[in-house]
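Structure first, then comments.
Residue numbering begins at 1 within each chain, and the chains themselves are lettered A, B, C and D in the order written.
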Amino acid sequence: MSRQVKSGLQVEVRGVSKAFVGVQALDNVNLTVGAGQIHALLGENGAGKSTLIKILTGVHQPDSGKVLLDGREMAFRTPREAIAAGIGVVHQERNLITRFSVAENITLEDPPTRFGLFDEAAAVAATRKWLDLLHLDTDPRTPVSRLSVAQVQLVEIAKALSLESRFLLLDEPTSSLTPHETGTLFAVLRRLAADGVTIVFVSHKLEEVFELCTHVTVLRDGRNACDSRPLAGMTRADVVRLMIGRDERAFAAPAIGTRSGPPALELRGVATGLGHKDITLQAHAGEILGLYGLVGAGRSELARAIIGAVPITAGEVRIDGKPERIRDVADAVRRLGIGYVSEDRKGDGLILAHDVAANIAATVWHRLGKFLGFVSDRMQNTTAAPFLTSLDIRTPSLAQRVGNLSGGNQQKVSVAKWLAAGSKVLIVDEPTVGIDIRSKAYLHDLILKLARDGAAVIVISSDMPELVMLADRIAVMKGFRLVDTFDNAREYTAASQRIMQAIHG
Amino acid sequence: MMNVKGILAGALLGAAVLGGAAQAADVKVALVPGGPHPYFANWEQGGRDAMKEFGLKAADYRVPAKWELGLQNQMIENLTAQGYNGFLIFPGDPVATNSPMADLQSAGIPSIATAGCTKDPSPALFCFGTDTGHSAYLGAKELIKAMGGKGTIVHFTGNLVDPNTQLRMDAVAQAVAESNGGIKLLQTIADIDRTPQEADEKINALLAARGKDIDGIITSAWLPAVSSATALRRIGDKRIKMVGIDHDKVVLAAIKDGFVHGTMLQNPYGQAYIGSYVMEEIVGHGCKVNDKAPFKSNALTKRFIDSGTGFQGIDGVDDFQNTMKAVTAELMKTFKATYLICP
Amino acid sequence: MAALNTVQTPSPRPGERDAASAASRRLSGIFGSNLVGLLIAIAVFVLLFGFFANGFLSKVNLYSISRSIGIDGVIGLAMMTVLVTGGLNLGLGAIGVCSAMGVGWALQSLGLPIAVSMIFGVLLGAALGAVNGLIVVTTRLHSFVVTLATMSIFFGTMILLSGANGFNALPRVLTGFGRIRMYGVVSPLLLIMLLVAALLFYLYRYTALGREMLAAGANPFAAKLSGLPVERLFVCCHALCGGIGAIAGVMASLRNGAIVPSMAGPLGADWLLPAFLAPVLGGTLLTGGGVSVSGAVLGCVFVEIITRGLYMLQIGEFWIQTALGLVLLGAILLERGRAAMALQRSIGR
Amino acid sequence: MNAFRRMLRSDSLGLALVVLLGGAALSIARPEFLTAYNIDVILVGFCLTVIYALGQGVIIAIGHMNLALGATGCLVAVSFGGAMQVWGLPVWAAVIFGLLIGMFCGFVNGWLTHKSGLTSFIITLATMSIFKGISLGITEAQPFYGVAESVKAFGSDRWGPLPETLLVALPIVIGLAVFLGRMIPGRQMLAFGGNPSAAELSGISRARMVILAHTLSGLLAAIAGMMSVARLQLASPAIGDEWLIASFAAPVIGGAVLSGGHLSVLGTCLGVLIVSLINQALVMLAVDPFYVQVLLGALILGAVGLNRLRESRMGNAPVLRLS
């Protein structure tokens, strides 16, 4: 059923250009990846990485230029042809059929059959092999809809690996993974490369790029900023300069929150319908509380309980020292001033089909309404417009569809709506996943500024350096319980050791 | 605003109508059923024959594409704009169809409620058709006679939104009541005149459940009659007596083969033929309806003319068409003298 | 415009697909889509029929077209308000008829004044719609199944209570109203439709409630996490649909000059086609969150004109449906092509 | 054990319970319910309805709709009848003719939907009008009565207690269950319905899936149309008029999601059975005709609600991320 890996493909992209209605996405781009090489493809969002990947995988066709595999010119018209030519890919967007089981998804391109019928047992067996490789302990019969974000991402990687492709493209494969899971993945990728598989790796996490890759191609504004250079000898600063065309800013020293008065949000022995037990934590105004935990530890679920989307079954919630019952999300948002920036921006953070202004003002329409609930476009725009400048949201206009913005700008919009609502407690879930360096730094600044301006901010992140850098205190979750809470001195080694100990110790 | 109401855009048409009356020509009759249905197939022929014999400019059978009240109303409005000046209308609804008829009336265009009646007060000249209630009553009587005056019957009828259905149910109940306890009405199934499948399923379900308790079937709508006839043939049971309605080939064949006792014929051919003739007389020759004519009355109207209904048993079932034409000819003999006053 | 000034930085390089949709956004959006195409199509067909269909431009015909547009337009707008949620209401016709019958009952059996009866009818419709909405949000069943069942329940109860007998002794004012001709060609029913459309336009464009409805329909999860009372909003949408359905029911009764249970066919199902056709042609999304009030109105006008025109052409009744389908298909495909061409041209500039 | 748990979780169990309990209750109230004749009646109705319900189901599975389903069935029915009556074709030729027409109608729907990029709702709305218009045009609203005796016999003959139509319906049901559950094109169709862009990236062709599903739908509509002719013993242009709502109701009651990606063949069968059981009960218990509609609606709501209640008890309700 599967192709034999003999040796990797040598991949060459020569002078590829691609324009979409009105936009030159790629302009004379080159890329050369030797067989068995692990090659980093870098660039800010919108630099053209995804377009290049889609050309390599047959989703789009180039306007001009050539794609050569082992020196032969290829012109894929459909993804099917690319797959047949031995190209495997992990796309940035979630691309699984959620109603199908893990096994069905992984074998979707090339399902095992017996007498012409789908052979589930064979699919499960084949799948298990790939899951084991990635240390993913999930029953292959589980529907994907029941998996966590990280598990989904690992399944996507397993799916790409299962094709036993000679050329593997990974677009942001680690965005939802913990360091441990990332480590496992890298080990697998190195082994594949040693077996001769050619790999192109796209990531916003430069640490990972330096850890894994040997060569790098950087795109900026649809052109090559550098073309297939060896990474050895390059520094992080060099790469950043290539990506953004100037030096990276040093990170501003964080202010430590004051903890006078009652906490803005306090949980006392809280249990939820999802299985959280005995959660006690406090978030003070002006403070950033970091919430760390491995995937499945119940962090996002806890956030959803605080915002009122999941019922709290026991314990007490205090807002500014007063016991409160959170009836539903509307109650939490409108009466108690709690805000939640979802980890799943596209799924339930934003209304992609609606414009920027509507997304920002969604939390405050009820307040804006004048006589008979009258809200004009101008009133809405007046509410939303200040955030375009203050958060540096890059959009042609307030009437732009949010779905058309880059990931970083989308994330800013989803923060802006809580600023508009004037939330006093803000829970930010994985704020920088899939966001380019410039926006990432900006969002970090923004979170600090929010806290400095008096909000209690809870940051949920799987990015340990990010958390150590931002948080005043760090709470660690494991198995829907809180296992440790400590003051964070912003000392990476010490903090990371304490976290690891809390989780594994 | 109110005076606007009177000034109808049909002024042009009205003029045409008056002009036509003077010249005694150019009578265009539209025969508009409620929707596509085999029952009305004979209208087309009736209209055509009348056109030839009485020299109408047109007597066209125009069918709304679907059974929708709104569609029928639109159609009538459209036909008006096309210059038709006499209408035979099967009322899509006995009450609501008065509205397009009133529009016609105010444009000076006469209309006759045909095959079914509109509810008084109605702008229709008169109602010319089968008295549905009476027909169901006669059918039930025939059935009871065939059953020897005792046994258990069931009644399959049309849609509840059609007030005729209630009339039919009352009529059957009356016939049963007059049997002096000999006949029991086991059950009535209504709302099965929309699609053949629905009728088929429910009728068979009942026959399956209570078949052995049932001695007679009376149907008072087209599709249930067809489905019942098919079902009885399928079971091969000639014990159960059935009286159907109308002249679907399936029903007639079942009568011939002895599965169905008989059917209550209506006279669609005659309705169209005589109706068109009346329009020619009224529009073309300035006749008027005689208000003192011996109209019958029924639950809906006091101006009812029976187009002839009759029981069709196995005798002469093959040439029921001729039976209808004979009935029509009989009616024609005295129609003008009885119902019209002509200059 | 003010918004544009606040952006000093040049626009970012949008992704591939995004660029295309950004451009198409200029042509179509949440509030206005394929309007241009519909307007052109309407103009073309009016000219065609005016030329070839004898009597199409007669006052009788124009008047009856305006009356039908009035009624079917309100039916379409009613459905549109519930399409906002990404759901639908199969029982729209049933609610319309039930409410109209309620009006008849209030007028004739209770002897209430006209205004009170009308308000009663609209409230009844809204209440029936709210029942649908409540069942949908509490059971989380798809509105298709829910309204399929309640359609039967509402209509059946109405038939049961009324014995299928209509109300035909309406006050003269009402029966007269349905026949008023303004300037010889305009029915007041058309004006009622325009009024309803204007109110809905105001609702979706200028009120917090309307905006919240759109947001909740477009992405209920995101809306809920933004603190919008999504469940309540959905119930509101259904109630609104019922209320407007009631208006349509009363309007249909005014045209008929009587209130009869058969006016929308068995179970009120005759309304389904106009209900979906107009909003969908006008660009309302079946997936929820996107409406076009003016589109729905133009969609209704378009359908009405081709239906009437084809009848006037005397194609033969049995073939009229085929012709209607072909014209509809041709028009939407042409419109598709035109939109694509317009997109190309706007980018070329 | 695992299989058992999965069965317990499947959407069909609750529906099966509703069918069994309802059937049991009805047979206690009316012993005639279990007579061979009545079972035959139920099965005949089932055979027909399930075929067109699945015809809609395969379209729902890819997240589309086929409003032209009934019109396709109607066109096939009258063509089938006309081919026998007017052209005097032998039955086998008329059947093939009918199947081809049905598949062609479906193909047209699929091709237009794919090529235009418009929602299938609007395309099939237009083709519905076209197909229905052709049926009315060629029949002028008159049924064709010249149905061959063998066809009539097929519609009414029994095979023991079972109707002969089951010989057509059963293989179709099983075949479709295997097709969707085990065969590659069927799996691909469901994958496409569940997430079209992801499926495309996995090398599944959009055009092929859309056209395949619509053609299949047309084929099933054609079979149902011809079965109606056999059952009713005439080819009426009213065939198919009531299919639309029923065709959506059965798959949806059976757990299909209107946004696509899922179709339970067993669930659809049970959905058909539930509706026909309710109809049977209303007839058998001699319910006053004026109450029938009210009870019908209430019982459908009850049956579906019961299933939903069980699902949420099992923690099996569709995964809603909120509350």
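Quick note on the criterion: contacts are C-beta pairs under 8 Å (C-beta built on N, C-alpha and C of every residue); 3 or more make two chains touch, one makes a residue touch a chain.
Just so we're clear, the structure is a prediction, and the values are computed from it rather than from any experiment.
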{"item": "Co-neighbours of chain D and chain B - touch as defined", "value": "C"}
{"item": "Distance-maximising chain from chain C - centres being C-alpha averages", "value": "A"}
{"item": "Chain pair showing more contacts of the two, B-C and A-C", "value": "A-C"}
{"item": "For chain A paired with chain B, centre-to-centre distance based on mean C-alpha positions, whole Å", "value": "72"}
{"item": "Between chain C and chain B, distance of the C-alpha-averaged centres to the nearest whole Å", "value": "35"}
{"item": "Geometric centre distance via CA averages, chain C-chain A, whole Å", "value": "41"}
{"item": "Approximate Å spacing (C-alpha centroids) for the pair chain A, chain D", "value": "43"}
{"item": "Shared-contact residues (touching 2 or more other chains) in chain A", "value": "309, 328-329, 347-348"}
{"item": "Multi-chain contact residues (two or more partners), chain D", "value": "133, 136, 140-141, 290, 292-293, 321-322"}
{"item": "Residue numbers of chain C (touch at least two other chains)", "value": "159, 163, 221, 224-225, 318, 320-321"}
{"item": "Pairs of chains, among all present, that meet the touch criterion", "value": "A-C, A-D, B-C, B-D, C-D"}
{"item": "Contact footprint of chain C on chain B as seen in their complex", "value": "1-2, 4-5, 7-10, 12-13, 36, 62-70, 73-75, 77-78, 80-83, 92-93, 95-96, 98-99, 102-103, 107, 119, 159-163, 165-166, 191, 194"}
{"item": "Interface residues, chain C side, partner chain B - complex", "value": "54-56, 58-64, 68, 71, 159, 163-166, 168, 176, 178-182, 184-185, 252, 255-258, 260-266, 270, 307-308, 311-312, 314, 317-318, 320-321"}
{"item": "In the complex, chain A residues that touch chain C", "value": "18, 20-23, 25, 46-47, 50-51, 54, 60, 221-222, 307, 309, 328-330, 332-334, 340, 342, 347-355, 357-358, 361-363, 365-366, 368-369, 372-378, 380-382, 384-386, 388-389, 392, 394-401, 403-406, 409, 417, 421"}
{"item": "Footprint of chain C on chain D - complex, ascending", "value": "112, 116-119, 121-123, 125-134, 136-137, 139-141, 245, 248-249, 252-253, 258, 290-298, 300-301, 304-305, 308, 317-318, 320-322"}
{"item": "Complex contact set, residues of chain A against chain D", "value": "57, 59, 78-80, 83-84, 89, 91, 93-100, 104, 108-109, 111, 113, 116-118, 145-146, 304, 309-311, 328-329, 347-348"}
